[in-house]
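Chain nomenclature is as follows: A, B, C and D, assigned in order of appearance, with residue numbering initiated at 1 for each chain independently.
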Amino acid sequence: MKLSVVGASGYVGGELLRLLLLHPRVEVQQATSESQAGKLVAGVHPNLRKLTTLRFCSLDELEPCDVLFSALPHGHFMSRFDQLRSIAPRIVDLSADFRFRSAEAYTQWYGHEHTKPEALGRFVYGIPELHREEIRNASHVTGAGCLATTAILGLMPLFAAGLVRDNEVFIEAKVGSSAAGNAASLATHHPERSGAVRSFQPTGHRHTGEIIQELSFHGTPRVHFSATAIELVRGVHVTAHLFLREDLDEKGLWNVYRRAYGAEPFIRIVKEAKGVYRYPEPKILIGSNYCDVSFEKDARSGRVVVMAALDNLMKGAAGNGVQAMNLMAGWDERLGLEFPGLHPV
Amino acid sequence: MKLSVVGASGYVGGELLRLLLLHPRVEVQQATSESQAGKLVAGVHPNLRKLTTLRFCSLDELEPCDVLFSALPHGHFMSRFDQLRSIAPRIVDLSADFRFRSAEAYTQWYGHEHTKPEALGRFVYGIPELHREEIRNASHVTGAGCLATTAILGLMPLFAAGLVRDNEVFIEAKVGSSAAGNAASLATHHPERSGAVRSFQPTGHRHTGEIIQELSFHGTPRVHFSATAIELVRGVHVTAHLFLREDLDEKGLWNVYRRAYGAEPFIRIVKEAKGVYRYPEPKILIGSNYCDVSFEKDARSGRVVVMAALDNLMKGAAGNGVQAMNLMAGWDERLGLEFPGLHPV
Amino acid sequence: MKLSVVGASGYVGGELLRLLLLHPRVEVQQATSESQAGKLVAGVHPNLRKLTTLRFCSLDELEPCDVLFSALPHGHFMSRFDQLRSIAPRIVDLSADFRFRSAEAYTQWYGHEHTKPEALGRFVYGIPELHREEIRNASHVTGAGCLATTAILGLMPLFAAGLVRDNEVFIEAKVGSSAAGNAASLATHHPERSGAVRSFQPTGHRHTGEIIQELSFHGTPRVHFSATAIELVRGVHVTAHLFLREDLDEKGLWNVYRRAYGAEPFIRIVKEAKGVYRYPEPKILIGSNYCDVSFEKDARSGRVVVMAALDNLMKGAAGNGVQAMNLMAGWDERLGLEFPGLHPV
Amino acid sequence: MKLSVVGASGYVGGELLRLLLLHPRVEVQQATSESQAGKLVAGVHPNLRKLTTLRFCSLDELEPCDVLFSALPHGHFMSRFDQLRSIAPRIVDLSADFRFRSAEAYTQWYGHEHTKPEALGRFVYGIPELHREEIRNASHVTGAGCLATTAILGLMPLFAAGLVRDNEVFIEAKVGSSAAGNAASLATHHPERSGAVRSFQPTGHRHTGEIIQELSFHGTPRVHFSATAIELVRGVHVTAHLFLREDLDEKGLWNVYRRAYGAEPFIRIVKEAKGVYRYPEPKILIGSNYCDVSFEKDARSGRVVVMAALDNLMKGAAGNGVQAMNLMAGWDERLGLEFPGLHPV
């Protein structure tokens, strides 16, 4: 199967190339970058040295292929959509351009009108743990926000089971610097960003909209979300607080999570009585496609704390996209995603 | 004024020595450490080389002094209390042993009986921003938990003004490795601790009890607290979520915070429209005694997000203790605490 | 092919298990740990959760297998050698116990007598780039020190070609915290080790002996070596300074390095005129088996600066061991070592 | 005494302001920045919030003062020199513009002609440990390169005593990200710079020229210098290798260093038999004006390894400049430089 990656010079694009160049069933045909066209892919992604001699080409040089991955910036994919869908019958788009099912959500969370509202219905929100069957049958799949994916995967079992009191949850996501992409600025300048604990979006974060959309199993949930940048390159960690509608103990919660995730290849329920890694932690997920999830019930108040972690460039972007492609192609969804993460790291 | 520091080989003890050795009005008489007795203070705290030739002595060698600082581990101060109060008329204890006003709170949060309940009333909870006048008149002052201090200082203006709906707040505190002290373990071994985002206490953290005690302006608040260790050596950052009882806009919130903190020498309200450091961030507070606080109101839901940051060894421990001592002595409370923090760092 | 790993609870043991559990041609039969016997492997190496349900056993429970990997601490392998060689016909030992070819070297560098000098000749120093044919035919292979491997691979082309003036070189190796193993101490306690630049062995480092042994192509070289711990978990970086015996320009040096390494699967000559990653850098090698090498000639003085980098747990230990095993088994030496490293990370 | 800082929006400028605003004998009159003119100083240097309400002005608005500090970029000070010397009778320039005593050195190390060669003789190379008396009597003092300062202070005792064989030394300097200033680029973008070990200048570093100039006690030394960026924000660490002309043991070396530095307020000889901080380490120097130096003799070969560390923005720039100013003013040179550094940090 031949595939190409558009927008391949960014961090998500580079991660896609790493996964696809080593994937046993696909061949990478082209990688586009307007700013790097003509240059060696390995000159931009130095970890790919010796793995490929591919050079970036321009979008205008794209040739037909079986699957097209897009890692274009938000807004750019939308404006190229008609061109790109003529290139390949199947598209996995990792931008935010088709994540929402309603055009109104774009107005609300992105502050502008969607320019292709008629195409919103074509795309499946590509988290396999929520939409596996739709993805299998889809020709167009969209990725998901990395913070949203972490929160959604952590909370889905409780919301799907209708267990959340008032349908309400308070979430803080902590995230590494790679999630903001490869554009240098004063805020990402190493002396400023190093050791930061930066409330970059205490309210109003766009991923809130995705969390609301995907957790609307029993009406629209009340999602209170804050995002904080911390000292990490890769990684997202979410802590969420909620109450239950009924009196479930920890064993009952175990059952809810096992029922939801027991058969999932990339979800691990991490909850141990002792040891260093008792709960989800992003550092051991670097490079892996796992999302680790956990929960703890506060004996004093009944509050349930949900925790989840993943690598924003993997399960939060490129890895999740490859998992979706595997499903679309009818393959084992783990293909090319075997790397389990490192310890120590 | 002569003072001594007991338990001076730990991180809080070292920080106390650094501050007191350079304090213009005091003289450090003795520094105790049972494990390091006889050794040079600067051998344990290498930043004090050239500043002092003091050696640690044993607790049993303590001589009378004007003020005694204790940085003994929790439980140890309590058991030595009768001995120590005979050494000095004034004591600043930075352990948790006398932070609660009720013995029941120790049973609830520490899981054991307090062995000196009759002395609980002697101590003032030593956060000057809440108890300045009591501290001025006190002979015994206790420190405050570093996570508790951050949360309390961030939230006090709203709770004191009775503005918090249902008296309820959800808090996540993120904290660096130095807060756990200088005892090495696998969990703090650099390859394991580096880059961690570790939910070490999702529920049941002992500082919750302090937050409840100090925010009980209008009845007992419902405090939902989680603690997460992140990649930092020094620093605490708190994100808290709550709703208001009445419809205050951001300008109204500014007024509440300015009224509470406008005259405070060590509180800064940090809330800027642009720039890298728009909200409180612990990295620029390393070594300083500031606590930076902020807030943001969610236009969509009315949720108020409160943020606060400090250096756990300074405003979260030793610095706050020196500020309290300055008040007890009748001096300018800023004495010896002028270091403003670094940028970049 | 069945294999077992002894000393599998340490960092090198864990990395061996990660590689071998995913290796397409081998089956992991047993993993020993005296301290963790009976416990789940994934409880100690949390990145292996969901990958294996293996439990550690004791050395005394070892059953016969085809290849035995040992990651026992220095000295322990030697004392168990007779037992272990009866378990498996082929052994890859990653301790230092059989790295030197002469017993005298142990006295000199380790300060004690070797207790099995008669077995020293059985082992091949297992760096494939230097001893490929011997490894193919060997039944016993020893690993190499991680700092030594980096220095040797960086410098080998020049020493092998007899190009180094006075056979003399000055080397500083910088290394991450994982190279010191998983035993916690004050020196590795996160608040102390974080951000360190620590000259832990300015002179007398044991790996010097290995470098001397392996670079003795034209007589015994004069190796001046210093080791410095820096803020990294994984990674070694070497900077070395030497002069040439003859007047070779940079193009000539390129030829020397290409001749030595042009066909090597795990060596990359990294030397670019511009860009961020112009020279070897350990961060993009985390988890990979590459050693990146480079050189630059000082136009003013003729000094040649050699640079090299690798992941101490991979090409510096477990990865190199698996590469050697692949050779011993007659397989493609890249099997199971395809992970190319990450960017960014 | 009134003073102004030109080029005050950069990292060195910010550090100067921090020191001078708290200095007991001076008053900061103006701070210039062409890019930030009109804006609050504390908006750019957030650690100065609450400490000053000063705003940046333009160079053209400069008013006469007693001492002018310049932290303008290299080349800019030179071109403004005539204007600036009319503003203040005393100038401390922290750029490289007047560090060399000969114009030829600029051609050699900076690759361009010096445009004010006639003024080179006016400036004293401002390291007090080498030029204290000249600084006391100088009206114009230049700062020193941060890497050069570290190497010079580490090596001076041996070169001054004529003890270095062949007058030859091999040096590797490791440095944090703040030394490159506050201009963001891909190389300093956090995901790329974090965890780096980057040979940014293996040969040809400009500071080599300063080291040569200042160590020319007994003829021109042969200085072989390489510079490597590592994971630090603040800090320089140097490892240098040399041989002695005569057979001095470690006790003899102690005497040489004590003779040179025994009375120096900001040099500490750090050489301990055990403990974590046995040699100089930059992390405990953050914010302090100390330069820690050490040495170790290789028992096997006679090689002497010299180590030195400092904070590049302090003893490597602003702190050293304030020390020089104190001397020029006839004050205790420690004024305003009392902060001893932190532990842990």
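One rule holds for everything that comes next: a contact is a pair of C-beta atoms (placed from the backbone, for glycine too) under 8 Å apart; a residue touches a chain by one contact, two chains touch by 3 or more.
Bear in mind that the values here come from a model prediction, so they are computed numbers and not experimental data.
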Original post:
What's the chain with its C-alpha centre farthest out from subunit B?
Top reply: C
**OP:** If you tally contacting C-beta pairs, which comes out ahead, A-B or A-D? Let me know.
**Re:** A-B
Subject >> Interchain centroid distance [CA atoms averaged], subunit A/subunit B, Å >> reply: 38
**OP:** Measure off the straight-line distance from the CA centroid of subunit A to the CA centroid of subunit D, and report it in whole Å.
**Re:** 46
**OP:** Quick one: which residues in subunit A touch 2 or more of the other chains?
**Re:** 11, 178, 182, 186, 191, 194-195, 233, 276, 281, 344-345
Subject >> Touching residues on subunit A, where the partner in the complex is subunit B >> reply: 170, 172, 174, 186-187, 191-192, 194-199, 202-204, 222, 224, 226, 228, 230-232, 235, 237, 239, 241, 276, 278-283, 294, 296-301, 303, 305, 307, 309, 344-345
Original post:
Across the complex, what residues on subunit D touch subunit A?
Top reply: 11, 176-178, 182-186, 188-191, 193-195, 233
Original post:
Residues of subunit D touching subunit B in their complex?
Top reply: 11, 14-15, 18, 22, 43, 45-51, 178, 182, 233-234, 268, 270, 272, 275-277, 281, 284, 286-288, 290, 338-345
